[in-house]
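Each of the two complexes below includes subunit A, the first together with subunit B, the second together with subunit C.
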Partner chain A sequence: MSIPLPVFVAVPLVTAFLLPIFGERGKRIATLLANLATASLLGLAIAVIGKSGVYEIGNWSIPLGINLVLDGLSSLMLLVIGTVGTAAMLFSARYMEQYTAKAKYLSLFLLMIAGMNGVVLSGDIFNLFVFLEIASIASYALVGFGCGAEELEAAFKYMVLGSIASIFVLFAVGLVYGNTGSLNMAYIGKAIQASGLNLGLTFALSLFIAGFSLKAALVPFHAWLPDAHPSAPAPISAMLSGVLIKTLGVYALARILFNVFGISLHTGWILVILGLTSMVAGAFLALGQWDLKRLLAYSSISQIGYVVLGIGLGGLILARGGNPAWASLALLGGLFHLANHSVYKSLLFLTSGSVEMSTGTRDMRKMGGLGGKLPFTRAACTVASASVAGVPPFSGFWSKLILVIAAVQAHFIWVAAVIVFVSLCTLIMYLKVQRHVFLGELPKTLKQIREHRGAMVVAMISLACLCILMCLLVIIPSLRSSILDPAVKALVDGLEYSTKVIGTQ
Partner chain B sequence: MIDGMKGMTVIVKTISSWVKLLIFLFGIYIVLFGHLTPGGGFAGGIILASSYVLLMFAYGREFVEANLPLGLASKLDSVGAFLFALVAILGFAFGGAFFANFLYQNYLPGESLRLISAGTIPLSNIAIGLKVGASLFLIILTLSICCHYEAGSEEPNDDEE
Partner chain C sequence: MNTTLLIPIFLPLVAGFVLLFCPNRIRALPKVLTLCISIVAFAVAILIFTQGSLTYAWSVLQIDNLRLDLLLHAKPLGAFILLFAMGFGLLITLYSLKSMAGAKRLNEYYGAILLTIGGSAGILLSNHLLFLLIFWEIVTASLYLLITTGGKNSNFAATKSFAMIGASDAAFLLGISMVWTLSGTFVMSDINLATTSAIPIAAFLLLMTAAITKAGAMPLHTWLPTSGEYASASVMALLPAAIDKLLGIYLLVLVVKGLFSLQSGALSVLLALIGAGTIVVAVMIAMVQHNLKKLLSYHAISQVGYMILGIATMTPVGVAGGVFHMLNHAIYKCCLFLCGGAVEQQAGTAELDKLGGLGKKMSITFTACLIAALSISGIPPLNGFVSKWMVYQGIINMGSSQTSAAAKLWPVWLVAAMFGSALTLASFVKLIHSVFLSRLPSRLKNVKEASWLQTTPMIVLAALCVFFGVFYYIPLKLFIYPALGLDASTTLLGTWNSTLATGLIAVGVLLGLLILAIGQLSKKVRLVPTWTCGEVQPNDQMIIPGTHFYKTVSSMNGLRQLYNWQERGFFDPYNQSGRVGLAVTGLLRWLHSGLLPMYLTWVTFGLVVLLFVLCRIW
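== the complex of A and B ==
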């Protein structure tokens, strides 16, 4: 019997629509239910590790019906969404008491998770678009959740650019449907393999790249992210930076480029160049920031560059006909960095939320010496900073090391040099965070503050532990072969995706 | 201006209070016969909402809000979406796959072109109708909140009343 994949979408969706019925009075029950929903999603994601399958909705066989596809890449993404979603939801339990309408917040949060799980599982290009819109629209509302002038401006900017991205994707879906006569990704892949790319499909491909790059906030398309991510409530910033840009942007891009259109030299180079510009520009822009969350947001752009660079490098080596081992290594580095980044960046945003809740400001010039006042936050933030900068025992080091090795082995020495250089810039910006937030003199105005304990600390500490343990994913062979290797294989196999999906029905 | 006098002239009010019923009934018809005739949950939901929008134009926002409170509309909205998901889950429980038409396959085959003939499709239509109707009503009410605030803060504008 096939795995009931729609559960991943149905659980958050049903809970999301159940919560508003409780209203203001049932806030505790609503919080509990929402936390149960995210925790069960994490449990389900762990349960499907290493499995694969195709699910036909309503027993309608493809290409007539809609299918959901689980493969290595999807199950990696489900795991990432589940982990970060659970931690952010736990953090919200206390943090969101500052805001009104908590039940609405929880329900939007779950809708966003439902949309992301849908994007990851969908085997149908139009449903991918629909789920993308569910996740995006929920995130527009969540960014503006504070309803202050700054939040609303950021949400509006995000909405305009996000809608442009969605329209690009929708037009591309239309062009693909017109040129191949199918909306099912497996059948589109087969049609493209049979007849090659014509002008319409090439245009659709460029629209896909532009649309998904906008969603992923790669550098020429990044204008919305530094406003949107800091303005959102901290757990939402963690979700947006941690998983949303990766699911809607990087995952969708990789799926379309590798498994539907097939990677070519051109698309490989485009990914590498987008990745490199994001890395360098994001790091330079982050260095000058004094707003704590804004710095983290620019750093996200820089880090998402690493992920795209790894994926692009792998694709480039594959398209050149180079050694598949090095291609796999580059893809492994990219995907591992994706998982790492989602853990430590969501942790960083959670700690920034804890700092903001205690001090009431995000301006690093007004902080200092908080290390003694916020011991748990400080510990978590130090671990996450060390991870993002790539200090050896922590998670970020391993993924960057793999990327450097892959780049050197594939004779892209200059790429390896850029990776190391940007890593240095990252170290500088996080030393700046440590210096100005946790070390130095405690300003007089902040003498009275205290740390908010409870669920928030639990969420931060568990993510910090995960930061340290993430290296086990590559070091222990059985873990690697069950989580990361299938994800890499899904991309390396490329166009065999269609035969796999059609063949197993 | 007195509160009870808000809205349009007595002719418009009388006619729209009659027509509103007809529109509402027509909306229900479109929802229920969605699987047989053109229309369905979405179109029917729009028509259901439009009957309330007509009342809003004729009587003003306060009247409509008393008639269908915001909280209730918001709950109906959630209930509609919840019911739709429930139909999918029932399909999984009884038909073996999400959205499987278990009623038609196992319990209620029905004769084609009859009202009770398409299994779970009319149920989904009802859920969608509820969802679309309530959300469109809420959206238009929200838009009118913005307009109303601006008009209320200055001199009441009675040119058209």
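== the complex of A and C ==
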């Protein structure tokens, strides 16, 4: 029996179109429904852990019809989207009260989730593009949701650069179709294996890399992110930094490079270089920031660099014909970091939202000594900062450890040195956050502030607990073999993806 | 398999972690919990020490050939340091009950103390490098938390400390992953690398950096004086003065004698140079300090030099001396910081200018402080003398028995060590004078002795200073020789008969007291107001401040400029790398003009590069 994969897209899509009916009066019901939708998505994602399968829409067999494919990698991504989506939605319940048109916000949010789930499950590149556009357009609208000058400018920049990325991808899809006669990823993979890459396909490959790197905000394609992420409402920043750049960027990039085109030395090196430049540039840019959310946004660029570096390193080892176990370790590090980063970065954005809501500013120079006023926010932020800075036993430490060890094992000691150095920069930037936001003297203007409790605190605390517990994902063998290992295997198997998809018909 | 080993590690760690997040309203809970757990940890440490070689193993993680096992092994070196680390934990907890009574974030303070206790137990018992690293970073993070509970500006000091020690932790991580690829295992007892090629040497340097930063040796010491100035005294007494030294030197001994066999002459010279340089430079800076706690911090740096120098000699006596000095230093420096803290708390300031004449008001503190100060200055028969004496022996021994480059330079090291010791005495003369002797400022008329909870730890530590000095062979035979695997009959060169010397010194002191008493009884001393050209000055305003004692040194040509630069942070790696970082950031921010066409140009540029690489269009 095949798993009814379309529910992952259908649930958020249907709810999204239902919500505007409730309007301003039925806000509470709309909020409840939206939360139910995200929670059920999380439940579904947990239910399909360890499973794999192909779903053919309308029973039309591929390559004529459209298929949805669930494997280890998509299952990991569904879980990440579900977790962060649930927490961010819960946070929105209270946080979005300060904005008007909450129902519209909720439906845009759900549209974005529908798009991301679609990208993760889609088995053909054109549908991947369609879902990518759904998620992107919803996110453009969400970034500008506050309708202030700053928000609109950021949304406009984001839209221009995002559309360029989409055009790149669309153009590449067209080229691939012209050269292989198929849009289905499994069949394209087969065709490339059979006849090799011609100039048209390499051109398409470059466009894919550029397009998805734009979505993933890798340096030098990152310029939209530091404007867009801080301008969005906090839960949306959490979604954008936590999952959107990973789904539309890293996931799509990894899928196309490993499973469709097959990883080569060139693409492996490109990923490693993109990862390293993003890590270093993002870290230095974050260090100089005084705007709390902007600092977090730059830190996202730096952290996404780790993920891409891990994946690229694994690909490079595979392409060299090196030890597959070494490659698996690097990929494990990258994917584990992806999962960790989505949890702690979304938590950091949520705490920044809580701080902004209480103090009315994002400028760290105007804050200080908030620890006493916002105890829950401070606890959550401390846990998340410790995670991102790699303080044991919090989650970020483990993934960085695996990455360092994988790099040294494969004789890339200089890469390991860069990882460690950027990790130090990360530590310093989060020490800066702690020092200027939560420690020190409370300014006179902020004597009267209070913490907004309720749903917001629940969302933050649950993510903080996850930060502490994430290490179990690698330590407990059964969890690792059902969540991370299949995802790694999906990438290590590379072009066997086609036979797996076509063979299971 | 012995689960006793888990108690001193995980009981404090779990309790500490819970305390960090427990609401601050329950004021009694953290105190009681911490006191109980530190007593338990100390008791278990005694048990572990007496029972000898216990082991524990639990496989945590295995991915292919990457194994992470919780391997605990109570080796003699670790077990004896554990005993003292837990002891310091208990004493500081006792002291804090009173000294931190009014602090705001009590739960965090005690939580971090427990994390420190558990983390250091983990470091000392771990036989697996990765776990060592994990516990090591837990101690670093708890130092950060502890410093943040201090007063104003402590957040700056905490940030700086965490950033600098965090940098060394990063070096540690890189170092152990290199060790792992070279030797294929993380189990410490199975590793022995020769430092002959580039990668092992790099790994050695990285691990050494981690050890000396934690211990606070130059040039990576600058976190220590900054936190000394702003953190509370009990924090300084616990971590930088005692436990950080124990851990840093423990790691250094492990690295030099266990993980690597040092075969490169240059590395030995480097190690000895760090040791000797630290001794002299830090004490020179300490002499001119005006803040009690900052002065003590610089001495905490200077003394590390002796330990490193002792280990660098690679002779049995020298290494034993270095390790013994580590222990002695932890004892007297902890005592000094506790005395400093008591003075600061009772008098309300730690500025030497504003203190004076407290000897009669706080006689217990004065006595403890005097003993510890004489001990740190290496005055016989106290413990500081014995270990310094051993280090000197080690240096001389190295000069006569080895042929390496470091051995040929032995007179340099010896002169530096002895010179440093003299300057230490000089700067403690200044401290004792300006805090306890001198004249009591009228502001401090109502100062009282600190509570018994605070004086008890001081008395215990001061007594240990005397005991370990007079009966030096007891700790040597009980702790140091077994820990280093040395023959119990290893003797000190030269003649040092502590019983006779102690007797003679005691007689000398008694004679001096007798002369004083005769002078007082004969009543030939006359007290009159000071007369200055017709103006009569009341005596209680005539104060000779100790801060001017060594003005001649600091205003000497050449030195003056250096002191100036040092004060402005020219030699501070934290400031300098901060400057470089800001420059890079500035450049990158200049590129982020916020203009869309600029960003589009980058995208085009990126695509063009990709096309060049992938499609070979050149």
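Some points to look at:
Basically, the second predicted complex is superposed on the first by the 505 of 505 C-alpha atoms of A that agree within 3 Å, B and C clash if a C-alpha of one lies under 4 Å from a C-alpha of the other, contacts with A are read in each partner's own complex, and residues count from 1 in each chain.
As a convention for this text, a residue touches a chain if its C-beta (ideal position, glycine included) is under 8 Å from a C-beta of that chain, and two chains touch if they have at least 3 such contacts.
What you are looking at is a predicted structure, and each value in this text was computed from that prediction instead of being measured.
Once chain A of one complex is fitted onto chain A of the other, the partner contacts of A:Phe22 are absent, as it touches neither subunit B nor subunit C.
When both complexes are overlaid on chain A, the residue A:Leu199 reaches subunit C alone and has no touch with subunit B. Of the two partner chains, subunit C is the only one touched by A:Val420; subunit B is not.
Of the two partner chains placed by superposition, only subunit B is touched by A:Val14; subunit C is not. Among subunit B and subunit C, the chain that touches a larger number of residues in subunit A is C.
The residues of subunit A lying in touch with subunit C in their complex are 157, 160-161, 164, 168, 199, 202-203, 205-207, 209-210, 213-214, 220-221, 223-224, 226-227, 266-267, 270, 281, 284-285, 287-288, 325, 328-329, 332, 371-372, 375, 379, 386, 389, 391-393, 397, 401-402, 404-405, 408-409, 411, 413, 416-417, 420-421, 423-425, 427-428, 431-432, 434-435, 439-441, 474-475, 480. Within the complex, the subunit A residues that touch subunit B are 4, 6, 10, 13-14, 17-21, 23, 55-59, 107.
Interface residues of subunit C, counted against subunit A in their complex, comprise 21, 23, 60-61, 63-66, 104-105, 130, 133-134, 137-138, 141, 144, 148, 152, 154-156, 158-159, 162-163, 166-167, 170-171, 173-174, 177-178, 180-181, 199, 581-582, 584-586, 588-589, 592, 594, 596, 598-600, 602-603, 605-607, 610-611, 613-615.
Remark: subunit B residues 71, 74-75, 77-79, 81-82, 85-86, 88-89, 91-92, 95-101 touch subunit A in the complex.
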